[in-house]
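Take a look at the structures below.
In what follows, subunit A forms one complex with subunit B and a second complex with subunit C.
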Partner chain A sequence: MQLAVNILVLAAIYALIACGYVLIYRVSRVLNLAHGELMMLGAYMLVATASAFSMSPVMAVVIAALMSLAVGGMVYLFLMRRMTGEMVLAAVLTTVALGILIRGAVILIWSAQQYHPRAMLGWGNPVITLPGDARISLYAALLIMATVVVYGGLFLFLRFGRWGMRMRAAGQDPLLAAQRGINLHAVFALAWGLSTFTGALAGILIALDSGLDSTMVMIGLKAFPAALVGGLDSLAGALLGALIIAAAEVGVIRFIDPLLADVVPFIVLIAMLVIRPWGLFGTREELDRV
Partner chain B sequence: MKTMNWSILVGLATVLAAPPALAQDALKIGLTGALTGPVAGTYAPAVEGLRLYIDRLNKAGGVNGRQIELLLQDDASEPSRAAANAKRFLTQDGVVMLLNASLSSTYAPTIAEAKRAGVPLLFTAAACPPEVFPPADPNLFCTTAFGTEYDSRAALNFIKETAGTEVKIGFQAMAIPVSRGEIDYAENLAKGMGMTSVAKEITPPPAPDYSPFASNISSAGAEWVWSWAPWGSQIKTFEALRRLGWEGNYLAWAHLEAESELERVKDPGFYVLGANALFAEDLPVMQEITDAAQAAGAEYPANQMTEGWIAGMVIEAALASAEDPGSADSVREAMSGLSVDTKGLRGGSLEWTEENHFRTQQHYKVYRWNPESEGIETVSGWTTFDVE
Partner chain C sequence: MSKPLPSASGHFRRSYADEFRLIETRLAKTSAAAFALVLLVFPFAVSPFYVDLATQVFLAAIGALALMLLTGIAGQISLGHAGLLAAGAFTTGILYKEFGAPFWVTLPSAALAGALLGVVFGLPSLRLRGLYLAVSTLALHFLVVYLGGEYETRRGFSTGILVDPPVVFGYEIYAPRVWYFVLLAAAALTLLICINLMRSRSGRAWRAIHSNETVAEALGIGIARYKLLAFVITSAITAMAGALFAYYRGFVSIEAFSLYLTIQYVAMIIIGGMGSLLGALLGALFVTLFPYVIEGAMAALPGADRLAGSVFAVNYAAFGIVMILFLVFEPQGLVGIWRRVRNYFLLWPFRQTALGERP
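After this line comes the complex of A and B, so read on.
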């Protein structure tokens, strides 16, 4: 039972991060290689708000998450918007530069020391005992719940929401969408905002569970294979990809050798690229565009 | 006449505006360190401690009347940047001593550059490379607290004294060569001592969730765990173990963060073993570090600066005892026969000889949180090992 819980927690982490990659790629065909840094920035924003709103911990978390939404939108408006019409590769390289900038800024502002936002907020992390004597921390359970809520919300939003439909339209055919009066810049900014928000949510919950330092950026990178395995243009794919990667990783740690934990997501990714390069739920058409 | 007056004025202004003569005579020391990047938290506080020590030394008049200029360059743990930094220090700045406070991957290029230039290389806050142990490379020196193999010997001796040899022991390392090597050594040593090794978990740097690794240790029935890895990996594995309901004892290496983390975790089953005294001992030298940190508005807590402060003491002693502190050869010669009183920050003086550039004796202490006194307590006083 503990094995299943471990898989679920890891899958939730990967899925919550991976959906940020998918949202931006699906709408603008840009691979956001600064997603790990944006996720980390969201968690550091909690450190800032935890100091400023120490009397109101919930407010600190909500404001940090909302600030991440705003940061994502601003990244598009002030940076990525200028890449519109340029080669996709130029946009991707811009995200690499953005990542370097964020990493430097984080060290300058918050230094390299480790933070524990949960202690700053005065919260505990009680353990929940599940059937089968499996245990899970409160924040790990919240991570799973947040993943369910985010994916459910995104499904409803993209399927039935007015702006969700506009996002899908912009992703399918931006030229036609623009001709139909859809404000592409607003749609792209929304996608960047939502992507950064979900990434930051993962970062905040991980930081609340086990602390925060600048190594968090590497966790963002580890979720990348989950998005690719599922298919970069599919949210359902990201969810399944995360589950596959997490199951493989936890299984290897438990039954083979913990030393392989770092490489197994990439072994699964290579296997997927050989068998089905467009991922589980991706489409050949998307691959041709790339 | 008017022109001449202007010339005099300009000449006078130039003389007045020129930097003091002392600055030209300053002894230059260059440090390449992981000041940014994922592992900066392990190195940057020590570098700040060193900077504060050198600033204080300069304010007090420097070494034999000469100021010390500490040049800092960030290598972000990248070997290529460390090599470029070292080359710049050695060829452009003319440093008399090179310092490395970075990941082991930066060692090879900095060692090569220092050797080529004939300038002594001091490892501080960075893990001591094998070349500083007897018989030492004449050009390499190390002040860093942890010493491979000696740390595990001290840790397992402590566990043996506390729980005997009829104990099931687990090990935790990070997937980096230096950490894995130490834990492999510890596992063999434990078996040789009659302990039962039940788990060895090598975690990636970093893992999003440490529970899968902790589950293995817990389900194997480990009563004790010895962990020798970067701090984040040690503490996160321990906290994951506790979340799983594990009730054993955990011994970790006392990195810079140990003291504040003992206070945060408040778990009497969590021990740290280290070669630096913790600030809970409130020694006069610790007050000096605290005062210096407060006066400078330091970025990091004073209790994380011990490594840098000790490096400062050693640099001061080396330059003070060198016949010609402006000559790298002379500084190296002085370093090869040095004894530095660490004022209680370590268990004894830090001594280097021709053959031993690590230290002739290595001392260890063990601390933990005491819930009754609500403070950090010393569980085991200084234990000494001769370094041969």
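After this line comes the complex of A and C, so read on.
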């Protein structure tokens, strides 16, 4: 039972991060390798707001998340907008460079020490005992809820929302979408903003649960196989992919070798690339379009 | 024609023998001789610190040239370069530690391990393109690094493997100046191999694959064969660079082969200029010297010393900014700048570039 809960928590983390990769890839065909860093930046935003808004902790969390939304939009407007129409490699490498820049800047501003935003906000982290004698911390439970809410919201938004429809259109055919009067730059900026927002949400909740330092980037990178296993342009795929990766990782830690933990997602990724490169729910033609 | 004529020089080839000459014009001959002379005198004219720096540049140049063949010429994206370096270094370290193998055994073994790994890295390239290929090489990087780490912990070398200086013909390569010449020779040899690959059948095939795979196949080029060949050659050279790195440092630890190292090598070929061997050399020089320049600048600037505790963070940030600036404003890299400057002086007082010459 405890094993199932562990898998579920890890899957929720990966899924919440992976939807950021999927959003950006689906809309603009760019793989954002700075996602882990952007997510970490979101968590550090909370450190900044926590000391500024020590009166109202909820306010601090909300403002940190909203700031990440703005950061994501600005990353597109000031940087990635210039890379539209360039080689795929150039765009990906720009995100890599952005990632290094953020990593350096974060350490410069906040130093390399470990932070505990939960203590800064004055919140506790009670352990909830579930039926079947499984234990889960409050923030891990919140993480699962956040994942459900975010995915539900994204499904509704993409299916019925006016801007969601525009995003799908831009992803299917940017040229036709632009011809129909859709402001592509606004749509792409929105995708980057939403992606960073969900990533930061994951980062903030992980930081609240277990503290924050620059190793968080690795979690962001490990979530990437989840997105690819499910299919880079499919949200439902990201959910399933996260579950597969999390199950593999927790299983290996429990039964084989804890040292393998950091590699398992990538082994699953290689296996998937050999069998079915476009992922479980991905569109097959994507391979030739990149 | 396998390579363009020297630009605006008034030089033309009149026989087939001219096509095969490495150095064509008198200006090229004199400048190459002068450059060689400078390189030979350099270690005797400066302090050991600069000799070490130059040696690092040569080492980086070998890896950058190899990556340029794969990514810049053949167009196959790889984010697993640090993994290949690690494979070479660990082959050397393990063979030395377990069997006491000499230099003449470890270096070819490293090349062989690299070539085998190159096949493994290259196999996905037969099915995958672009992003997906980059991702699969990235995944393989983590796998190699894990295996190296596993070896370290299992055998109790958790801090790293110590490697003694190599002995060649009864002579121990230890002194910095000796290393300087050894690695200079290695880099020069790599450059020669790369130049010859570029102007032979394989180089033409790679460039054709890079421009358009379908057309290349229609021309009768074996896509699978040449893609794998690119991966194998690159990996073998890179693994040998890794082996030399292990000997030069005298120490192998998996910590040294992080994702950041891969990014540094990729940055070398971007900053240097995609598709040009000269670019790989310039990029290796730039990226290797960059942290020292930053450090020097921080020491010189007033008020920067409060950041002294986090030099590496400043490095990261500055490196990211420089990479972004090159990607956005100068996609041709340092070579693009060099070509513009050269053409300006070659054509002065006119402004027009020669027909068919890139601006």
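Here is the rule we use: the second predicted complex is superposed on the first by the 290 of 290 C-alpha atoms of A that agree within 3 Å, B and C clash if a C-alpha of one lies under 4 Å from a C-alpha of the other, contacts with A are read in each partner's own complex, and residues count from 1 in each chain.
Convention: a residue touches a chain if its C-beta (ideal position, glycine included) is under 8 Å from a C-beta of that chain, and two chains touch if they have at least 3 such contacts.
Quick caveat: nothing in here was measured; it's all calculated off a predicted structure.
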Taking the superposition on A as described, I'd like to know which of subunit B and subunit C A:L259 touches: first, second, both or neither.
both
Thinking of the overlay built on chain A, is A:G36 touched by subunit B (first), by subunit C (second), by both, or by neither?
neither
Is A:V250 touching the first partner subunit B, the second partner subunit C, both, or neither of them?
first
Which of the two partners, first being subunit B and second being subunit C, lies in contact with A:S111: first, second, both, or neither?
both
Determine, under the contact definition given at the top, whether A:V9 touches first (subunit B), second (subunit C), both, or neither.
first
Given the touch rule stated above, what does A:I206 touch, subunit B (first), subunit C (second), both, or neither?
first
Which partner does A:L101 reach: the first (subunit B), the second (subunit C), both, or neither?
second
With the two structures laid over each other on chain A, which partner does A:I267 touch: subunit B (first), subunit C (second), both, or neither?
second
After the superposition on A, what does A:R135 contact: first (subunit B), second (subunit C), both or neither?
first
If you lay the two complexes on top of each other, which residues of subunit A touch subunit B in one and subunit C in the other?
103-104, 107, 111-112, 259, 262
Using the touch definition up top, name the residues of subunit B that touch subunit A in the complex.
35-41, 43-45, 175, 201-213, 215-216, 219, 231-232, 235-236, 239-240, 243-245, 257, 264, 299-301, 304
Subunit C contacts subunit A in the complex at 71, 77, 124, 127-132, 134-136, 138-140, 142-143, 146, 149-150, 153, 260, 263, 266-267, 270, 307, 310, 312-321, 323-324, 327-328, 331
Within the complex, subunit C is touched by subunit A residues 31, 79, 82-83, 86, 88-90, 92-94, 96-105, 107-108, 111-112, 224-225, 228, 259-260, 262-263, 266-267, 269-270, 273-274, 277, 287-288, 290
Residues of subunit A touching subunit B in the complex
2-3, 5-6, 9-10, 13-14, 103-104, 107, 111-114, 116, 119, 125, 127, 135-137, 140, 206, 210-211, 213-219, 222-223, 249-250, 253-254, 258-259, 261-262
